[in-house]
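Going by the order they are written in, the chains are A, B, C and D; count residues from 1 in each one.
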């Protein structure tokens, strides 16, 4: 059985503090490990939790009250996606230090300059060229997958700074397609 | 008989299963993208027929017939979609000395034209939606019909189907514009600008009847299927029997369906689709001259294997079952499991299936086209499998379906499973109260997947925190013990991280 | 009702499925070896009850009852095996205020003793094998019976079962030795040296009848199962109905089974096992006072869910079905898929399942206890799943089973799948001609897996050569291009190599 | 799709010669690769073959006549086990050089001195000790797995030179248990 236990010693590890954001709410989390169990506190309420991983992909978590949930897991940046049988919960987790850094304010790119593929597919047509001025909502290109055509539109008014794909090219979900100036 | 299966995905696997059970060797055809697709792995022989796009492979009738000749196949099963309702392909098979497992080219042609089929149905006494019998010669003919029948009316392309090339018109002022748009779409989509109009039936249900006919003139029906639940005119949940059809109505529906099939000398398996109003009056919509995606619900309730019936009929055998030997037992429901993300507008989600646990146990059938470790290609229909649950009555079938959906785990790509899980809990669905517009309204009204219970949410936070903790431990280097979290950020850049 | 499932593997999963379909929350118990076993992953709550060996976990009645109390479970389902036929456990559940999902402790006790059950059956008019009614007081009593009934006779431990503690005696000279050996085995295996003797039925079939009873005195039967195919006294293939039982014999078998159950005030699901001679005369063998491993074949043919019936009966509900509402449709066959190597004397083959493709599609049911990526532990029964195929008639069920077996891929460990695949082609099996000794004779007569066709053998050589070639390319280093094969030898030493 | 193709170039590779032994028969094999196909000859009869691997574990081979077989693969030394749906074929493949070396004769250990586990399991009892004389067929220890007890017996008369396991120990299939002198 391949469980996290196999790579752990029995010693204690310094607890890790995290900030969790879901919707409007912010919670303070602290995680530490004791032997094969974890202690996780949410806003000061601690519980002992058992988490096991099978086949590298499926996980089972057992809360202190005995409730067991099987789940799949996927992370994109700070977004931790926990997929239960009936729904996926997205947990936004930050290092408190990075929160502070962010609060003090630096780049603040809201992503609207980077137009990305929302799904894997093939670029079937490109409607714009580098240097074109585009208006919000204007079609930039067509992404095709599984018998469906999806028009990718400009998220804001702007000028096409860079065209990163050409017609016929296959792209992965999340790949950047167009950069706006 | 040696059968070439001119299809891919779950239906190709379904046909191979039936052939194998009857002892017929099978030949798979595949595009370059499908070398290790399940239908290839399960076939006895396999022939590559072209590059990934369907029009260069699965739609290449010439290459498919050549593959049959090369391998010594004696029959071709077209599945559904691709070449299944192409009369020219059926004819080409026959001309090449191959048995086409389906109806005659003439039956396919007769039912392929909306206007011709409506005329023949009306002549055979099968109720049709009041409407023009022929393609309209001009706009005035459409307007005259609309004024006589009353609004709303539907303007439709004669060669259309699948929700394309049709428009609902509520008022006279909108009629001309609709006529012109449908005419232009019909020309560009279907290569045939012919357009007609018919009365619009409000809040309809979509009920279809499965028929079986042989080459000796025998036709029977196997009861109806409830296919009302559609998303953007595509069926997504089907049942047998319909929750609103009783024995008397079933007999009338079946009688009309048998008359319809006989009117075009139909043999093989086929489906007559009816539109049914709230008053239980039903009208012929179209006939699908092939195996239907949703045929398994009928199989589960009748105990018959429709693909085997097709194979026997194609060899000239007479039907082995009389109408009074067809017994419906219990209830079956099918959900079409797609590689689509229901939380993001059902966007396609092809890719590698990293872990697959399929639902099993009592009352569950899964007609699968994929397997653990398979990469779902971007080129084709996103259907992963058809999940079917049966029970002694409808409530048990629904409970089983929900249980099966909860067991079904597909890691690596998104699927429509969570959408169906929610739907199984919907009161209107459970009560059988819906029409063809129900699902689109339902999807507007709910926020999918946004309602985790409090404890489930807590479990998610705890789970995410532990996996983040484990990751921070993994990347922690002794000399940089303070900045473990930064390293996590770096690991991210290498793409999807999974523990 | 909140149900604790006091078991593991496929039967625990089976019970959880039924509970989930009825909306009852479930609690799994597990040993340290089973933290990520399927029954744990599918349960709502889970409690660890001890170290891997069963006697320290799954057999620890005290810990299981404590787990129920701790989680607020209100009922316990024992599955089969482990504590399922332990009357003390059933009593302890009741004493702890928990609903035991099974019969009363008194019924379990009455049927737990071979001699007591035979006496009560004889009194109720259920045919029993001619034999001693009580445990023999001494050897002379055994000898007197044998001389009167005639040889061959069976000498059996009163508390025995599962093929243990019994001996066939063909001649008087062997009788005393057999008596002494069985007596000693009975003492050491079962803690009870009591022994009796009965007439031996030559070339018998093992036919069992499924019954359902409620707490209001209603008992019905659900037809028979054919369980004749056994390897070393362990069932491996079961069917419903039996190929040698017609309606008249079924009614007589069912009538006897219902009488047997009523004689011990039986409620819940239970099975009466009969030995049937070539003359179709049948004799009571024993009653299994629990759910049977092979219950799915009955479910497939009757359309009923036996576990749900158990759950309803345990809550005091009256049976919802009358005898004349039980309708058998079609035919179902079950193969027990074990992690054993049929090519090496069925040696256990636990380990990591590296790839799992389960058979699916029409007419196939798989009651699984494992999943892709699971490591089958060494501590328990080697059953991976129960594969069930149903068809409109027996021939279709066999063809489906063969198709399903061919689809079933388990990589990483050995399974009994190839053995069943061969068996499905055996003429005697297909004709339904077999007795309880058939399989052991068959296994001696065939050389399993040694008869690849010429082309299949060629495919194997070509495949092995290519994979060896690829391996030689992978390990070839530029400076040592001559000795690529030696490096391969080195790679070997690191353990099982797979491409 | 994960196929051998992904790690191949299109160039030719020098053919590899192998000796195949199955039962009494010996065949000469030659394998080479051309692009994404293989050329395999058995005793001089060559054919072009397509082999693809999926999910790292399952393979599909297509012979020149179009026949397709799905199979699993496992190798123990020179024994290449090819598992089809209904049976497993064991192909014994040797490097011609190693055949020569073997024919010229060196060690020739027939394995009867090394008693190995035939299955994974737990050693439940050990009946012998180092230095004990044992007779062929005598029980050495009990290996238990999946509710079955299996007695491991001496393959020949001899003396226990080394006892490599103790009661309670878990062993893997193929592990050496006892060495005879």
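Here is the rule we use: contacts are C-beta pairs under 8 Å (C-beta built on N, C-alpha and C of every residue); 3 or more make two chains touch, one makes a residue touch a chain.
Treat the numbers as computed from the prediction; the structure is a model and nothing was measured.
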When C-D and B-D are ranked by contacting C-beta pairs, first place goes to C-D
For the pair chain B and chain C, the C-alpha centroid-to-centroid distance in angstrom is 39
So, in whole Å, the Cα centroid of chain C is separated from that of chain D by 33
Cα centroid separation, chain A vs chain D, in Å, comes to 45
Per the C-alpha centroid definition, the whole-Å distance linking chain B and chain D comes out as 46
Listed in rising order, chain B residues that touch 2 or more other chains are 42, 355, 357, 371-373, 406-407
Residues of chain D that touch at least two other chains are 53, 55-58, 67, 70
Checked against the stated definition, the touching pairs are A-B, A-C, B-C, B-D, C-D
Interface with chain B, chain A side, in the complex: residues 4, 13, 16, 18, 20, 22, 27, 29, 31-33, 38, 40, 42, 47, 49, 51, 53, 55-59, 61, 63, 67, 69-77, 80, 82-89, 91, 93, 95, 97-98, 118-122, 144-148, 150, 170, 173
Seen from chain C, its contact residues with chain D in the complex are 339-341, 343-344, 347-351, 354-355, 357, 378-382, 405-409, 411-412, 418, 421-422, 449-452, 455-470, 472-473, 484-485, 488, 492, 496-499
Listed in rising order, chain B residues that touch chain C in their complex are 13-14, 17-18, 20-23, 42, 296, 299, 303-305, 327, 329-330, 355-358, 360-368, 371-373, 385, 392, 396, 399-400, 402-403, 406-407
Residue set of chain B touching chain D in the complex reads 27-28, 33, 35-36, 40-47, 70-71, 371-375
Chain B partner, complex, touching residues on chain D are 1-3, 50, 52-58, 60, 62, 65-68, 70
